[in-house]
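Heads up, there are several structures right after this.
Look for chain A in each of the two complexes below; its partner is chain B in the first and chain C in the second.
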Partner chain A sequence: MSVKVRFFARFRELLGTEIIAEPANGSSIALLVDGIAQKNREGYNAIFDEHGTFREFVIVMQNGKRIETADAGTVIVADGDEIAIFPPVAGG
Partner chain B sequence: MLSERERERYKRQIPLFGDEGQERLKSAHIFIAGAGGLGSPAAIYLAVAGVGTITIVDMDTVEQSNLNRQVLHADRDIGKKKTVSAIAKLQDYNPDITVNAIDTTISEENIHDLVGRVDGIVDAMDNYPVRYLLNRVALEKKVPFFHGAIRGFYGQATTIIPGQTPCLACIFKKAPPKETSPVIGATAGVIGTVQATEVVKYLVGQGDLLAGRLFIWDGLCAKAEEITIVQDPSCPACGSPTPTTLYKEKS
Partner chain C sequence: MMIRIQTDDVDVAAMIAAAKVPGTGAVVVFDGIVRDDGITEMELEAYEDVAVAGLEKIAVEATERFGLLHVSIVHRIGRLAIGENIVVIVVSAGHRHEAYDGSRFIIDELKHTVPIWKKELTRDGGRWVDGEHGHGAGKPQE
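Right, the complex of A and B next:
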């Protein structure tokens, strides 16, 4: 199974633009992104909180459809999926 | 009617949308929340485009550390209220428009009176609590809300049309943490001018707005991308109200 994970903005700097991952069958979005983010502590901490769950403000999309961060641990990825992870910014 | 002087001033843009478009800009009133990084380019480009009335609100004083990005203010303005500096620059750029600059902090208490009757609200704030307030007022008044935000080399923008597009609270359910974020002025320039472009398009009725689309600018990669966004039916700000009482008509 092959899944594309796209990071945007600051997440891209820390974790790379596009990662092609080969998760095990039945992997959730959270598990998949967690595995990729482990390679960079700062990147991991930007996306996940101290309990290892998605920070609430992070925007998670599966094939262009918004996934609630609270559901990312139970939504399963499928072959060919594209997952997008975007950090909204706040400055003006 | 456009004066001869206005016709000459806007000579290079009237061919884009005709006298009618220019008249629409002239009769419009746009509210700009913030005279900082985003508010500066947005206000300047709306002023020079001939938006007839601009109300800009900010409570800060110009500081040296503002000057890398807040191009409404110059070195000689350090220590002045941003409203004083903003009104002077905008009237310098275009004396044919009306500029109101209000020195206050936008709050739940004053936002309704502050915004008044306008044709659109530009989000040039640096924090989400006030953005959510502006979003609600835009929904109530049924006027578009032109969102923008920046950090570093990154920026985002979208145009919220009440009743047609997702609102700010649909897109950003939780605010990112407040921080004093690093930023270059050029990022504010990119996003502030995207917002100004959206306002002009909306007012003259041309093009495709950033409606239902979150524009994402990545200056480090020099890439512009977008994410499609959809309305959240359970959104506390714009979701359809659930009827709590059902009345049965007496026969």
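Right, the complex of A and C next:
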């Protein structure tokens, strides 16, 4: 199974633009992102709090659709998914 | 309706010309500019597919709510100098109130919901512009 994980803005600078991951079947979004973010302590701390849960302002998308961070631990990733993780938006 | 995210500058005159569809009584142009807040440049990035879809949704909603006749939105990404255009929104309507209200609705929604980020570059490095905090805690957007 292959899943693309994309980070934007500050998270991108800390963790990389686009990561192709091969999670085990049944992996949740939270588990997948946690595993990738472990490679950079600052990046991990930007996204997750001391309990290892998504910080309240982090935005999570699966194939372009918002997923509530509270649900990211139970939403399972599928082959070909694109997961996006980003801070609050600031366009305009 | 014309929605784009691009690195190139924006042809505002062409956008105004395109907005003058039959029935137009007012065209409102919003042009967001890189302000000199002690920065050297600004760097913008977008989650492009999702940002374009988000802008299209806002344009449709504004058209329905305010009875707009035409909407174009061009948002730039990449490195921009002070004074450059960041985002240009051109709307037309039969009357000025609808055009003003529709234009304001679009820029306000854009700032809250569309995945675009700005980094202010300074002599010492750079700083990401804070987004709308708490947005991630809300209900998922459609």
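General observations
Everything that follows uses one rule, which is that the second predicted complex is superposed on the first by the 88 of 92 C-alpha atoms of A that agree within 3 Å, B and C clash if a C-alpha of one lies under 4 Å from a C-alpha of the other, contacts with A are read in each partner's own complex, and residues count from 1 in each chain.
By our rule, contacts are C-beta pairs under 8 Å (C-beta built on N, C-alpha and C of every residue); 3 or more make two chains touch, one makes a residue touch a chain.
Note that the structure is predicted; figures quoted are calculated from it, not measured.
Superposition of the two structures on chain A shows chain C clashing with chain B. When the two complexes are overlaid on their common chain A, residue A:Gly92 makes contact with chain B and with chain C alike. More residues of chain A lie in touch with C than with the remaining chain of the pair chain B and chain C. By the document's definition of touching, neither partner reaches A:Glu50: not chain B, not chain C. Look at A:Ile67: by the touch rule set out above, it reaches chain C but stays clear of chain B. After overlaying the two complexes on the shared chain, residue contacts for A:Arg10 are found with chain B and with chain C alike.
When the two complexes are overlaid on their common chain A, residue A:Ala84 makes contact with chain B and with chain C alike. Common to the chain B and chain C interfaces on chain A are residues 8-10, 12, 56-57, 59, 61, 64, 66, 84, 86-92.
The touching residues of chain C, when paired with chain A in their complex, are 32, 44-47, 49-51, 53, 75, 86-87, 107, 110-119, 128-137, 139-141.
Here chain A touches chain C in the complex through residues 6, 8-10, 12, 54-61, 64-69, 84, 86-92, going by the rule given at the top. The touching residues of chain A, counted against chain B in their complex, run 8-10, 12-13, 17, 56-57, 59, 61, 64, 66, 84, 86-92. Residue ranges on chain B touching chain A, taken from their complex, read 34, 36-39, 123-128, 148-152, 154-156, 171-179, 181, 183, 188, 216, 218, 220-221, 225, 227-230.
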